[in-house]
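In what comes next, chain A is part of two complexes: it sits with chain B in the first one and with chain C in the second one.
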Partner chain A sequence: MAQAYGMTRSRKSFFAKTSSYMFLLFWLFVTLFPIFWMVSTSFKPPQEWFAWPPIWIPVEPTINNYEEILAIGPGGTGSENTKLAGAQQVLTAILPIRDSLIVAIISSTIAVVLGSFLAYTISRYQTGGKRYPYILLMIRMMPPIVIAVPVLAYFSLPWWRGALHDNYLGLILPYVLITLPYAVWLMLSFMHEIPRELENAARMMGAGRILVMRKVIIPLIRPGLAVTFIFTFILNWSEFLLAYTLAGQKLVTVTVQLSQYEAADVGRLYGPQAAFGTIAIIPLIILGFMIQKHLVTGFSFGMVRK
Partner chain B sequence: MATPELVGNYTPPVSAWARFIRWASRDRVFKWVPFVPTQALFMFMMPAFALLIYLSFINWRLTRGDWWEAGYYAVKNFGRVLTDERFVGSIGNTLLYAFTSVPVEFVLGLLLALAAQKITRGRSFFSGIFLVPMMMVPVVVGYNFTMIFSEAGPFNQLLSFLTGSDVRVNWLADFVMSKVAIILADIWQWTAFMFLMLMAGLTGIPEEPIRAAKILGANSWQIFWKITLPMLKPVITIAIVLRLLETLKVFDTVLLITGGGPGTSSESVAMTIYKVGWEYNRISRSAAMALIVFFGTMVMVFIGFWLVRRQQRAIEEGLV
Partner chain C sequence: MAGIHLDNVTKYFGKFRAVDGLSLDIDDGEFLVFVGPSGCGKTTTLNMIAGFEDISSGVIKIGDVDVTDREPGERDLGMVFQNLALFPHMTVKDNIEFGLLIKKVPAAEVAARFQAVVETMKIEPLITKRPGQLSGGEAQRVALARTIVNNPTAFLMDEPLSSLDAKLRVEMRTELKRLHSTLKSTFVYVTHDQAEAMTMADRIAVMDQGRIQQVGGPLDIYRYPVNIFVAGFFGVPAMNFIEGAIEASDGSPAFRAKNIVQKFNGSTQLRAGIDVTLGVRPESIELVSERGAGVGTVNLTEPLGDETLLFIDYGGDGNLIVKTDPYNQTRPGDRISFRFKDEGVRLFDKSSGDSIEL
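Here is the complex of A and B:
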């Protein structure tokens, strides 16, 4: 009897385990398929983009798509002597990547420095009151289009039009504004882990504020700083709406350029777009895996921790 | 020769910088050091929001000179906007996207998290791969789904395989399927978020109550409904609220997958505001829409934060 009970028990758990694996494998396939499709398309020659039945693995693999987008034509618009039939020119990926890097790195750095400092004073002195972090978070919850409409008019005022309209600074300021809440909340959750006694002990032994910051706080939150930087970098790199509305003529970011292949009148350039997409997500995936353990913390603003 | 007093009391000259640092490191001053530049940034951006109100009362187009020269238009913008079927429809669409994709994401995420708990090997492998969509650029996700749902795409191939006939439909030109594609893109990208949050919640559940319930003869179904789920409540609330508020902002995938089409049937609010403002140049009208959306979002955010704060307190007090 006992043996039989054990048997159904183990059979049941075997069934549960197998179905679990099946379900996880199913989702694994679902997750990987669009990515696989993009990478595969990026190696397809034009005649295979729209072939029916769809071609899963390119029959005549080519790196032409990558060559096209990595070329810079006159005026920085892209390769003019394209080999793609029907297309006058293929938009370049180099300049957007440069611009995106500039904007994303500068605004993430500002957000992280300001955010971690602010998180420190919030957690130690309650600067700004108890509700301050929530007020910050509210900025993040606003749809970016609500920010974009007035900011467009505001930045076109003659006093600073040259510096802010369709220019680096004009994107960096809103980016700092919308990533600062993330930085503060993430750093707050890291700050809470530093025991206050440690600081007090250092202060008691005569260390000044600067020394305490340099020798106690910063070494302890360094991983947190790295995570926050990577996280805000990912957000800024993927940001589309503000880059599309506040900039887009002179200053073209990666996401804006990516959307342009879609709107081109010369037909859909699936190949170059897929190649560009592949290039655009590789750094993010690498960075994401580096902070894998902290992604929960990041996306939940530090409210849920592993 | 120096007098003994002078030698004994000698202090090195203090530079202005050092004095500044000493001043700034006093508690009273120090706590405002990062606060001031942050507030300065807000102060700089604040007039923009006052401008939003102003813009919604004038008649300005992007192509017609500068906004400070545009004429007063009273509340006509609001009248136009509130009777605009397109705007009302886009609000409906946004709510539809949020309230269909988030529950599906939640159920899928919960099932995945439970499945990942059951298995013994490869858990970190699976969760590692599952994370990838979250790190994808939304624009890239958008056109990935255009490729998949295109006429010669793998979705049609799958349908042909299943039905045995040659299915070649342009799904994105269909009134229902275009919306489904947008929802599917969101589900694809953000189920991992739910999975991650719920995994974190599941690993935080203590074993004792479950073991006790087992000894008392509870079956796994009862344990799930009476113990696991109630204990996950804070995490579930936070995850769903954050996801809902985030989904209300949807723009990138809609623009890339359907461009709002066919017609304007699949537009989200952000998309309508963008199109009216930037493509039809009625920026004042889109300012009126943005103002309405702003207040609507505020209400949602307040409700959401209220829910989240309640659960956060529960986490902090160790009730869970």
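Here is the complex of A and C:
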């Protein structure tokens, strides 16, 4: 009888395991397929973009799409290939990549610096009270779309004299705003790891607060600074809504540019769009892998009490 | 080198009074130990001396200098923390030299002082290692070295031995006493371990609920506790307490409780009718053949090798714990008589807990 019971149990767990793995495989497919399709399309010539039945692997692979968006070879007014697809001109990738890099790097740097200082005071002096970190996170849970139009209206007011509309500053400020809560949360977890006695020991030996930060705190949170910077960089790089609303004419980021490959004046340039998308996600994949382990630590600090 | 003077120091955390009107003069060169249970205010007091906690009211002086409002770095104190607080990202050498470099001590002097303290603490092989590579005892010596090298006026120590195993703790106690006699500095030491306090202190300040209960030498505190809290805190096993009252008996006052009678001959201070608690240490109870203070049945014996503990049911609340020699043959179930040695008996007022003079 015990044997029969054991068999039923192992049959149940076999079923449970198999169905979880099958679900995971299915979800993996759902998540990765668009990326596969995008990379595959980026190497297809125009005649294969809309083929039916779909062509999974390019029959005549080409790097022409990459050449066009990176403005290598005939570009600007479009090559023969893009004319074949009905395009008037080709949108290139270099300028949007530059603009995205500038906006993402500057706003991430500011968010990390401000977030670290705020995390320090919250950790050491309970600034804002016990619930303050949660309030910060709650504020961030509001979708940015709620503030997109009001911010646009505000930034367009005449007293700014255009200093905040469709340029770097006008995008960097909102990006700092929406990534600061994450920066604070991540840096809080690293700050909590540093025992207060280390600062007290340094103060005892005559170190003022700035020296304590420089010589004790910052060297110990350096990994945290890197992780937080990369995390906010990924968020800022991928952001579309605010970039589209608050900029988009003079300042065009990667995400906005990507969205414009299907338009009346350029036609449906799937190939160059796919090539641009492939290039755009490469930094995210690399950086994401670099910090994935630390993200688990960072976001679970509130759940595990020492 | 200087003494430390606390004058009516009080500390509030919100509405909670952690330290209540504490006044104490710590002599220059003294080894003073603050001892008490968790939450009694001893670490808060140490942190106020160090300057990590603001004082709600009162004055702290080091020597003749009022340091009440001074930053920790301006008080010329050295501190060893419970978790040692060695900088994990620096080598032992950098840790030790940290304070000297901040004070911009000339390089030649830094090297000389570093060398001297390394020899004193015998940590020469460790200087290129990082704290994570050190054993508990090695880290302890490095932490001491880092404090000593700055030549502070006084040393503050917050339970520095609590993270060590028992054997190492005993070794480090000896090391600290040796250091104290070599440096001849004022040491202010905080611990919850009464054995540590007894073995290391010149004087002990016993604290409870934010107040000093008693200050005195270790043996004075052990033999003549001023109240029931101090009496119960020191001694392993703890003092036996029996609740009862004083009665007149044949002209002399006597303590009477359930099944216990203890006569006090020649004492005129005791008044009949007061409710008291009698305290007697396990080593002050003798087994006798004729009836003494009481009789009882042995519940349990604990042979410890160097002594044997007997747990005796005498008919009152709980057991009486008696210390006997290691060759005692008493067994559980035996009926025995016991007497209290006169010099080992203490009386405490039942309501206030204060000691009553015999």
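The definition used in the following text is that the second predicted complex is superposed on the first by the 244 of 306 C-alpha atoms of A that agree within 3 Å, B and C clash if a C-alpha of one lies under 4 Å from a C-alpha of the other, contacts with A are read in each partner's own complex, and residues count from 1 in each chain.
The rule we apply is simple: a contact is a pair of C-beta atoms (placed from the backbone, for glycine too) under 8 Å apart; a residue touches a chain by one contact, two chains touch by 3 or more.
This is a predicted model, so every value here is computed, not measured.
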| item | value |
| --- | --- |
| First (chain B), second (chain C), both or neither touched by A:G277 | first |
| Partner chain(s) touched by A:P219 [first = chain B, second = chain C, both, neither] | second |
| Contacts of A:V151 with chain B and chain C, given as first, second, both or neither | first |
| Touching partner for A:L177 - first (chain B), second (chain C), both, neither | first |
| Which of chain B and chain C A:G208 touches, first, second, both or neither | both |
| Common interface residues of chain A - those touching chain B in one complex and chain C in the other | 208 |
| Sites on chain B touched by chain A in the complex | 21, 25, 27, 30-35, 37-38, 41-42, 44-45, 47-49, 51-52, 55, 60, 66-67, 108, 111-112, 114-116, 118-120, 126, 128-141, 143-148, 150-154, 156-157, 160, 168, 188, 191-193, 196-197, 199-201, 203, 235, 238-239, 242, 245, 248-249, 251-252, 255-256, 259, 269-270, 273-274, 277-278, 283, 286-287, 290, 293-294, 297-298, 301, 304-305, 308-309, 312, 315 |
| Chain A partner contacts - residues on chain C that touch it in the complex | 50, 52, 71-74, 77-79, 81-83, 85, 87-89, 98-99, 102-103, 150 |
| Chain A - residues contacting chain C, complex | 195, 197-198, 200-208, 211, 215-216, 219-220 |
| Touching residues (chain side chain A, partner chain B) in the complex | 16-17, 19-21, 23-24, 27-28, 30-35, 37-38, 41, 50-54, 56, 114, 117-118, 120-121, 124-125, 127-128, 134, 137-138, 141-154, 156, 173-174, 176-177, 180, 208-210, 234, 237-238, 240-241, 244-245, 254-255, 258-259, 261-262, 270, 273-274, 277, 280-281, 284-285, 287-289, 292, 295-296, 299-301, 303-306 |
